[in-house]
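The structure under discussion is supplied below as structure tokens; questions concerning it will follow.
So that you can tell them apart, the chains are marked A, B, C and D in the order they are listed, and the count of residues begins at 1 in each.
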Amino acid sequence: MSIDTEPTADQTPPQAQPDPSPELDALYAGFERERLVPLWTEIGDLMPTQPRSGAAAHAWRWQDLLPLAQESGRLVPVGRGGERRAIALANPGLGGAPFATPTLWAAIQYLCPAEVAPEHRHTQSAFRFVVEGEGVWTVVDGDPVAMRRGDLLLTPGWRFHGHHNIATEPMAWLDGLDIPFVHATDASFFEFGPEQVTSTEVPARSRAEQLWGHPGLLPLTEVDRFAAASPLAAYRWEHTDAALADQLALEDAGHAGVVEPGHAAVRFTNPTSGADVLPTMRLEMHRLRAGAQTAERREVGSAVWQVFSGTATVTVSGTTWTLTDGDLFVVPSWAPVTVGAEQETTLFRFADTPIYERLHLHRATTTATATATREETR
Amino acid sequence: MSIDTEPTADQTPPQAQPDPSPELDALYAGFERERLVPLWTEIGDLMPTQPRSGAAAHAWRWQDLLPLAQESGRLVPVGRGGERRAIALANPGLGGAPFATPTLWAAIQYLCPAEVAPEHRHTQSAFRFVVEGEGVWTVVDGDPVAMRRGDLLLTPGWRFHGHHNIATEPMAWLDGLDIPFVHATDASFFEFGPEQVTSTEVPARSRAEQLWGHPGLLPLTEVDRFAAASPLAAYRWEHTDAALADQLALEDAGHAGVVEPGHAAVRFTNPTSGADVLPTMRLEMHRLRAGAQTAERREVGSAVWQVFSGTATVTVSGTTWTLTDGDLFVVPSWAPVTVGAEQETTLFRFADTPIYERLHLHRATTTATATATREETR
Amino acid sequence: MSIDTEPTADQTPPQAQPDPSPELDALYAGFERERLVPLWTEIGDLMPTQPRSGAAAHAWRWQDLLPLAQESGRLVPVGRGGERRAIALANPGLGGAPFATPTLWAAIQYLCPAEVAPEHRHTQSAFRFVVEGEGVWTVVDGDPVAMRRGDLLLTPGWRFHGHHNIATEPMAWLDGLDIPFVHATDASFFEFGPEQVTSTEVPARSRAEQLWGHPGLLPLTEVDRFAAASPLAAYRWEHTDAALADQLALEDAGHAGVVEPGHAAVRFTNPTSGADVLPTMRLEMHRLRAGAQTAERREVGSAVWQVFSGTATVTVSGTTWTLTDGDLFVVPSWAPVTVGAEQETTLFRFADTPIYERLHLHRATTTATATATREETR
Amino acid sequence: MSIDTEPTADQTPPQAQPDPSPELDALYAGFERERLVPLWTEIGDLMPTQPRSGAAAHAWRWQDLLPLAQESGRLVPVGRGGERRAIALANPGLGGAPFATPTLWAAIQYLCPAEVAPEHRHTQSAFRFVVEGEGVWTVVDGDPVAMRRGDLLLTPGWRFHGHHNIATEPMAWLDGLDIPFVHATDASFFEFGPEQVTSTEVPARSRAEQLWGHPGLLPLTEVDRFAAASPLAAYRWEHTDAALADQLALEDAGHAGVVEPGHAAVRFTNPTSGADVLPTMRLEMHRLRAGAQTAERREVGSAVWQVFSGTATVTVSGTTWTLTDGDLFVVPSWAPVTVGAEQETTLFRFADTPIYERLHLHRATTTATATATREETR
């Protein structure tokens, strides 16, 4: 479904309501007694002319988050029960719930040397994105997956997974899940696994990468071919970085490829289908040249962004922040967003778009154009 | 995703929490200041071992609803602003919101002779199911669709629609929509149309039925072939009734066809794809022979049932009701449900199953077997 | 793949060939010895600028076919070995092979009273279309399916099927299969079944119709839900006739629906998917008003048409015939075709289009417009 | 469709035929006059109990092919008209036609230094596989694609393409196309382009590789996202080799991944869909350890294999060859095939499987088991 023009906000006629009367009071009391609510008193809030999310546009700074994570590392044990030392972004508009948006969970997870986050599995889909550090292995259904700066790691729904840190330093990373969506739709199943990870091997590449990590090549064997989620457990920074650099090189050479001037972007996809890596979440990496500014976009559904490197000037629904490495911000449904780069800036983004696309509720619109002050490279 | 056994409820280990201390208090204050919430205090509620819906199993009786609808017909005008004289089922577990379940809206709509419910459109998908009466035409994008007892009428997302009553009697029917889901996911667009319906013709069959209502036959022309929703605006009782009767006749003759002994059921589908008629809702009609009893089933996602005719003994999560024509009940996610029939009983059911199937979050299990006391018809 | 303009036929440059020489002769002898053939001597025939089918446009008249079928009924026994008393159209351009086109088989099958065509199954897909008569039941995997004038009956690949005639008159009908395609691609499997049909019941409706023949309604049970072919064994004339009449009624009322002025058409589809009823063949019924004339069309792939009732003036690749009830004609790949009706005329058509669509080799173009002299009905 | 047991060959009953008589002669004369052929005289050949391909199992040796290609390079000009200096394998069972199998074309193409094979496009799908040499660039819709040993290059249907050799040595490679299939189904369109290639740039990587060649990463931009064929123009040997080596390493480590003991294999796929790279052809690379032997397999549809490196003992339908670098062999439909390796051997394979899979005509069976004499690597 796509639309060219959005309904203007002021078209709503006055909400016609019945005249107050004792009979009406009695009717409304009857509704209450019988567990009924009339549409005519609720329609404006229930069915707005365009999305009016309770979630707020908001940003969190890495320099504020990391010390709290470190202090948690000192005070809070990790292990069975609490399961993870994860600290969630709580959107100011969502009443204190640990939800970055109405559908998405975003948290900093923190693991000290020699610690083990025990194995469990759940129907919630999850990924990890590493903004700094290394030394942790995530074990997914027995396959150990190294975590390093810039890497994206997947733990699709209902796969056992645990983490353990073999380094001498603590490690922090971003966890993204669809917890709020699964919670709102009552679809959570959760099962505990072993307290220790099922493999303590620490290979540079996972078995998943050996099987599924070659461009355009799939194994003939039927092993691990899932419809629901990507079997490729890790998307390595070296590949993501090269893909973004290649798009900008194509632009330099006058060829198509970038999203808009000065703006390269890739989507992480399931190599067996070309679809999103997880059924409920879209994951992307964006790179803006110094001086580039994206068009203003609005999209049904919400997103969380994290600056990976560089400095970005971000405006969401009229609020502007200057953000740098590790900083995060959320974009509520249908909120206009622009991102500008003072220097070359790379950003990770995840969104709930597959939910809307698969249910035919997606809409997007571009309301202004991008600009790019191209670097004088020649 | 399918599972054979569900996790036992008592496997949860004690929720390990850090020891209280002034430092921990300071940490928690820091979380609050920075809009953060730790996972370790929340995980049990956020990620239960199996769905624990806030929604309650609940039933509403037609004999209680109809008088309130009639009184609304006397006191509450229908028209622009309130838009519809619709009275929604408000699940007792959902805090007074007009939501039958966390995803589904179910309401009685009531229209007096000569009244017009003005045209509008919205991204929410809608249908009408007629438990009694006739005389109203729903106009969908200019196509007038008669409403009669037993009929199912569709108004897919973003189609203009209004209703008008040409009969001498008021008419009441069931409206089903995905309002709570669209609200939770911030995907509502709404637009007002004309105050009068755009066609006052009252044909026995809609144009949609003329084009799409012939079994297995589709027009060559590309008119109206939608991926998202069925183009067939009306599913007539005569066809539904015949399909259910045919399944029971097959069973009598010793052939496959019924869901389980004594239990016939059809799904309303999009003839251009065989998929559900609406992207977020599954619609079905069930018929039980006298004496038949369904197996006990649990399914991720919620459902609303309405008895169309007969008398059913329904048990949801251990609560049992005896229900008859027009009565409604809701089944929360993963709640066990059985339906038994004292006489031949026909029930309409709608559920949010496509949401879970399309997002790979669906699970279902049958935990006991059906029984059928077959009528001695021979 | 679609194209706006086709390559002009005269663009081909002269076929450059190497100069004759003893060395070239030796080279060509080497090719022959080593089982090699050079492209440069063959390319014009192998890869023409547009399809140049060996098949000819050709028509067969029912009045010529039927007496030969009757005489076969007298002289040729039906039964195991020969399997069927079927007489195939042999396209004059295909060297005497029993192929209507390079991919399609079309035959008149003839069964005398009390005769049985024994059961067998094969990977070839098949259908029967009845231009006149009744009294034969086709038994498909044990389900007896009545054959009556105007009906379309399916026997998808690898289903056991036989025919038996319970009437006092012989019966003739059209058999359509993908025998030439399956032959060219070496995909034939064939297995003999019982010499008698496995059910001698003669119900008015098959079990398949009871389960799958209700518009937009599918059984919940998983019985018989095939991806490859429609589970609906019979498409009855009463439905096809009504669907065509409805399209013309919509046109009379000024609404969309017909293919072009005065030309109604339906496709027989699989109700579980909306796709073609058979994986390799598209089946359609067309109705032209008196005085209507179709646009000239060209399409990749071939088709066989049979006039069901009325009188049509048909032009294929410049040859024109006037055809009436039961007459057949073939349209080779990319041959231009127009059909005009002197009186209201109904035609059955089958084509190999799904092969091209599924393999991304399909193209079609309309090279002139339709005209309709609408009946003065008002 | 899958089968456990195949019909036994001797089940065919005697072909019952009508008794000769003057009347039968007259009937048959009538058939001939009216362009008709009865089924009962043809059924055994038309519809065999299992595929009986006219194509023969056959092998061609690189040492025989290459000198003839070299001699062609001396005697036959390349350019407009003949278009390509390509020498096709002509299956001995197919009457001298330049067809490796009834559906597949396989040819050695040979290009001398500074030569240009002019641009054209056609609906036939094509690929190049390089068994030795380098120095030619294929230009596909303006994108120059380097050809090097072990690389697979695509030219999907209806894309302009030409080749030019910038090296000081001639270059030979394998061309694979679906020419016979497109010919049999009358679907060929062909259009001439410029006589010179549209780009003489010689980059190491094509633009297609820059956009689509990163594992699991797709550009956000909609540029070049084709449903029908892979947008990735080149699959480089370094990736293919690594993917095969990784599977064998997984086997060494005791993990799943290989097809069968000692047998690694990858399929070349469309990164936007995970489907075969071309709509009518499946492309694969296989590697056998020294001493490994595949199971015996039969499959509907035909294949062409080329040994890339090593030495293989191949048996097709009972004929055995020992083949080495560059040697080719064909496997007709349903012919049993086994491959054994004396040393580590890598083989390229292409087949027409997508045709059968998409049309639901595919069957495969494994009739004996693989053996592997694993190398004593530890």
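Here, a residue touches a chain if its C-beta (ideal position, glycine included) is under 8 Å from a C-beta of that chain, and two chains touch if they have at least 3 such contacts.
Please read all numbers here as calculations on a predicted model, not as lab measurements.
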Intersection of contact sets, chain B vs chain C, gives none
In terms of CA centroids, furthest away from chain D sits chain B
Per the C-alpha means, the centres of chain A and chain D lie apart by a whole-Å value of 42
Whole-Å distance, C-alpha centre of chain A to that of chain B, is 31
Averaging C-alpha coordinates per chain, one finds the centres of chain B and chain D separated by a number of Å equal to 51
The positions of chain A in contact with two or more other chains are none
Contact graph of the chains (line, ring, star, complete, other): ring
Checked against the stated definition, the touching pairs are A-B, A-D, B-C, C-D
Contacts from chain C onto chain B in the complex sit at residues 207, 210-221, 223-224, 230, 232, 235, 239-240, 242-243, 246-247, 249-250, 255-259, 265-274, 277, 284
Residue positions on chain D within touch of chain C in the complex are 1, 3, 6-7, 11-18, 21, 23-24, 27, 30-31, 34-43, 46-55, 58, 60, 64-65, 68, 71-72, 74-77, 79-92, 96-98, 102-103, 107, 122-124, 157-158, 179, 181-192, 227-229, 279-280, 300-302, 332-334, 352, 354-356, 358-361, 363
